[in-house]
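Two complexes, one shared chain (chain A), two partners (chain B, chain C).
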Partner chain A sequence: MRLYVLRRLIQIVPTVLMVTFVVFLMMQSIPGDPVVALLGDAYTEEDAERMREAYGLDRPAVVQYLIWLGKLVRGDWGASILTGRPVLQDVLVRLPVTLELIVLSMAVALLIAVPAGIIGALRRNTWADYAATSAAMVGVSIPEFFVGVLLLLAFSIGLQGLLPSSGWIYLPGTCPNMVCGVSFWGNLQHVLMPAIALGIGRAAILTRLLRASMLEVIRTEYVTTARAKGLGERSIVLKHAFKNALIPTVTVMGLQVGFLIGGAIVVETLFAMPGLGTFGIDAIIARDYQQVQGFALVTALAFVVINLLVDLTYTLLDPRIRYA
Partner chain B sequence: MTRRSFPTALIALTASLLLVSSAALAQTPKRGGTLRVSYGNEIAHLDFHTAPGYEMMWVAMNVGCGLVNITPDGKFVGDVAESWQASPDHLTYTFKLRPNALFHDGTRVDAAAVKFSIDRLMDPATKSGMRSFYEPVHSVEVLGPLTVQVRLKQPYAFFLHMLAAYRTGLVLYSPTATQKFSLEERKQGKPGAVVGCGPFRLVEWVKGGHLVMERFDKYFVPGLPYLDRVVIRTIKDPVTEMAAFKAGEIDFIASFSPEHVDTLTAQSPAAVVMTGKETTPMLAAMKVTVPKDGKPMSKERAPHPIFGDLRVRKAVGCYGIDRAEIVKIAFKGKATPWVGMNPPGTLDTVDVNAMCPYDPARAKAMLAEAGYGPARPLTFEVMADTEKSVFNVIATVIKEQMARLGVTANIRLVDKVSWMNSTLQDGPWDMYVEDLLSLITLDSNAYLSNSTSTWSHPRHNDKRVDELYARYAREMDPEKRKAIARELQEFMVENMYWNNISGSPFYMVAQPWMKGYTYNAEFEVHYDRVWLDR
Partner chain C sequence: MTHGGESVTGALGEAGLPLEVRAPGLRARTESPVREAIRRLRGSRTAVVGAAIVVALVVVALGADVLAPQSPIASDQSQTFARPSADHPLGTDQLGRDMLSRVIHGSRVSLLVGVSSVILALGIGVPLGLIAGYVGGRVDGLVMRAMDLVLAFPVYLLAIIIMIMFTPTAGLLGTVKVVGAIAIVRIPIYARLVRGSVLSIKEKEFIEACRALGARDPAIVLRHVLPNCLAPIIVTTTLGIATAIIVEATLSFLGLGTQPPTPSWGWDLKANVAFIQANPWLSLFPGLAIFVTVLGFNLFGDGLRDALDPRLK
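And now, the complex of A and B:
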């Protein structure tokens, strides 16, 4: 097991390198130049050339990437071309906001998907099943921004500002700035709508998957045996069937993290949250290569680490699974 | 007066006195409170002398102070300058500074600080977007601790306009803090690095989060500012901005999307919507020349393959575009169709709409004259960037109007940086839809439309334009200046170097409890007299 984990950890390195390299090349190939944004009204061709030279932007893309990598190895994530701020500092300030959003949206997804999936499978072809699968269909079909706007209209405008429309309040003890709103309740109020907007789509996918897995599992022989032994239905469903049906669901949950990070860009922009999503999109729009690299790096790391954790979870769900 | 009517009159008098005094009391500014402001775009960075974008400027105007400000009716009022005097030959301006003005680091705002800031702006190494505006300045002399003189190379009619409101206007920097901190630290808004002399001092800027300014207690105007604090947040989505406004989470939207104004007022009937004269041009620019040798920005120019021909420019831009229809669709009628280079709210603007009436038959005839028709249909590309949805709407209407002429206009939707790259770097484009900077004077448009500026995207090389701009800027007689202004604007339309569609409306929205704000479009956004009535 330890060897397996070590091997997987080592595999993270080429994966992350590959992702950051591809992102770097893609950024270089799209039209646009950070120097234009940097010089703004003062743009002249001569100054632009000098700036490109100063920032090493006139060098071949591979050389630029290697320079970035060399700095990264020394713990230097580079600095924003536009503001000069260290990228790592910005990432660390924004990461907790996005992490909280992702964790809570996954919690929202599970809160909806687990009961809906189980009920759909156990009450197959009844109104409850139809309701759950139809709701799942709707959830998959509606994009995050649309759910977000509907939530805004309902809870920020319709219900006399029951929930705040935008911004962020930090959890006590987590304020990374000089000036922060800090409160547990305020934090919950601010994260609730974004988490629901982001979680609903995932809930729909997980509901459909869990329902299918449950249907498969409850038809297996060991479930029939459990019933024949006279075990209670609750015990059969939760202890035997659900646990086994969870394995494909957990796999998809891991893969969904990537989509959640993508969705966070939209949701954070809509709700004006100071998270990594808005950081990433602003960096791409400004062609701030260093910030984009930082965003790609942290996203790739999050994705592979979470998927490693998912793989390790299998052993908890099914003791027969062993990693060598 | 009878004995009975006397007490009645006394009561009435007392009641009316009470009413008057309570009304006066209600209008007495209250001190304290936090003004919560929403910006639609992120602040680029905080070096006021080099950062682009209105969002930075609206911070600079409150953290910084300058020599003069301009009122909405065009009068100049002293900021840190107590008085000023122009020499009879208009070659020198002497400013007397207030004796009590301090920078936020406690150092004095004196003549040396003014010289330091202007010299810094004029230094090519600073790379300030303001530098080109200081071209007429010869030098700055310190005549005494509180007396500073600016010498000009030639008379410049708009020197005070420039100091007050071209981009940020002149923002004075503390020499001590500027020398102590690096440019990078200032850009990042590091505490202590961005030191101005305005009513608010910068406390913190968290990119993507918020910007916080607090009252500067030693501000040179006694009793101001009223507010304790200003907190600025970026909310990019207008729907979210409306929700935040309705929920009372923000007090002031510094720039609101024109398409959503009706919805906002329907949702929040008490909202105070502020707008005024149109000062930003909305244009459908056409490229006039391309580099002869294929090298971008080359001085050797050749006519653009399509719009290098004046007949095509006039057919498409002058007679082929129905400006009234564009305004009706894109702005719901809330803008003025305007052919002239400078929108109706700009100083010395001229209505030249009659020069370009919508006339599809004439447009078709001119295209035929230029060799375009069914046998050789004209096709060009309209570039619209995604910064504002209205650009794409206008491009779509133009496409439809071109189809009526038998012309194919293909829309290319790009992001802002790509648009800037194509236009600034002399890239391949035919036409683009964009609103450029807000123009307080015709002179301020030289920077966007003369033959030498990088920002003159069509890249016409007509020196007559430069000559007219120069004459206009040097002419000190307002009547003669008006005549030159007309000549220049007519010349631009005759040659279609600047294809204007309309003015671009600008909206600000405030909660009913926000008082004391003076609307002056994008030019002057000051919170020093703002107070909260709640």
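And now, the complex of A and C:
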């Protein structure tokens, strides 16, 4: 087991290298030049040359990538071309915001999907099932940003500004400087709508999946056996059926993380949150190569680490699955 | 299938075998799988509702010039932010453009991108999957590693970077760029799906029989392997259109889709969120349009899956 985890951790390295390298090449091939944007009206050919040299932008793309990599292994993520701030510092400030958003949206998704999926399967073809499956159909068809807009209409505009429509209040301990607002309650108010907007779609997908796998599991012989030996319904559903139905659900939850990162970009943009999503999209649009690299690195890392965690969860759910 | 079944029955009949020797249910099956699927599809309420929505949308998109009361890009500076009225049933936006006309015309970009990007992704992904699955070995490894590389990216990240590379523009060219970006992201899905089906189909006896009869590989792949992986492809395609429409709307929402003045639901929604406080209806209608469109394709795709794959019922 320990060997397996170690091997998987080593496998992360080539994947992350590949993703960051491809992103690097793609960003380099974009027409235009960040130096032009940086100098703006003060643009002169000499200044541009000097800046390109200073940032190493005049070298071949592969060399630039290797330089970036060389600095990275020494813990230096480079500095933003446009603001001059260290990329790592920006990433560390913004990461907690996005992590909180993603974790809470996953919690929203599970809170809805687990009961809805189980009830849908157990009370198949009743009004409860139809309600759950119809709601799930609506949920998979509605884009995150439209859920966000509906929430804004309901809670920021409809209910006299019950919840704030934009901005951010940091969780205690994550404040990047002295001037930002910090409070649990304020943070909850700010994160609630984005988390629901991002979580609804995941809830719908997981409900459909969980219902389908519960239906499959309920028909198996070991569930019949459990019934035959007189186990209580609660124990049958939760211990025997649900745990086994969770395996495909966990797989899809892992796959959904890729979508969550993309969804975070959208939701953070809509609610003007200072997270990694807005950091990434701003960096890509401004062609701030160093920031984009930092963003791609974090994204790729999150992606592979979560997939590893998903594989490890299988062993908890089904002890027959073993990794040698 | 039916034809084969009948001839088998006929042959048995001629041979004068007793009835019990025939495979059970052989005679009862007089319906072709396609007909059976259509019958099931008609019986499925979700599929019928989905199909109705899709057909209505296609009509709206094709007849947008006739159906829209005004030009979607003509701005009337004296009529900015008009509330919904008889003249402007959905009101006007900050440039005084008729919102109903914009929503009607917006259907074009959404449907065009949704359908063409999936066709493009199919056109590249299906052959790749067929070749990888059928040839196997090093070719398989190479193709699938390339697909894994694309899949290693979160979907939106890749689509966003590709759109920046393409530089978003307005009009048809802008739409084509979005189609390309979404297609690239979606290719691996079809390649993997088809490869998986091919791997199991190519081991079947009837393929072996084709080989024994001396059929060439391209003929076997096109006439015998491909038709047998069509069912999952068709279902994934319908649901894929729904996904592509969401991705298009999302790119537009981020300002990276088809550029204005071309009407696009995602862009309109985003542009009007800024005025949501005073004019809440403006971002509501483009959003509803996206939702209903995606719902239509999802309902139809779900019904199609139930119709084509009775095992999943």
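Points to keep in mind about this one:
The working rule: the second predicted complex is superposed on the first by the 322 of 324 C-alpha atoms of A that agree within 3 Å, B and C clash if a C-alpha of one lies under 4 Å from a C-alpha of the other, contacts with A are read in each partner's own complex, and residues count from 1 in each chain.
Simple rule for what comes next: a contact is a pair of C-beta atoms (placed from the backbone, for glycine too) under 8 Å apart; a residue touches a chain by one contact, two chains touch by 3 or more.
Just so you know, these numbers come straight off a predicted model, no measurement behind them.
In the model built by aligning both structures on chain A, chain B clashes with chain C. In the superposition on chain A, A:269 makes contact with both chain B and chain C. Once the two complexes are laid over each other on the shared chain, residue contacts for A:137 go to chain C alone; chain B is not touched. Of the two partner chains, chain C is the only one touched by A:300; chain B is not.
In the superposition on chain A, contact is made by A:42 with chain B only, not with chain C. Of the two partner chains, neither chain B nor chain C is touched by A:55. In the superposition on chain A, A:29 contacts chain C only, with no contact to chain B. By the touch criterion defined above, A:152 lies against chain B and chain C together after alignment on the C-alpha atoms of chain A.
When the two structures are aligned on the shared chain, A:258 is found in touch with chain C, with no touch to chain B.
In the superposition on chain A, contact of A:278 is made with chain B only, not with chain C.
Residue overlap on chain A between the chain B contacts of one complex and the chain C contacts of the other covers 30-31, 149, 152-153, 157, 165, 269-270, 285, 287. For chain A in complex with chain B, the residues that touch the partner chain are 30-34, 36-37, 39-45, 47-48, 79, 82-85, 90, 93-94, 149, 152-153, 156-157, 160-161, 164-168, 177-179, 269-272, 274-275, 278-279, 282, 285-287.
Of all the residues in chain B, the ones that touch chain A in their complex are 42, 44-45, 50-53, 127-131, 167, 183-185, 187-188, 191, 203-204, 206-210, 212, 231, 233-237, 239-244, 246-249, 267, 296-297, 414-418, 420-422, 424-425, 454-455. The part of chain A that touches chain C in the complex is made up of residues 15, 18-19, 22-23, 26-27, 29-31, 137-138, 140-146, 149-150, 152-153, 157, 165, 257-259, 261-263, 265-266, 269-270, 280-281, 284-285, 287, 296, 299-300, 303-304. By the touch rule above, chain C contacts chain A in their complex via residues 46, 149, 152-157, 160-162, 164-165, 167, 242, 246, 249-250, 253-254, 269-270, 273, 276-277, 280, 283-284, 287-288, 290-291, 294-295, 298-299, 302.
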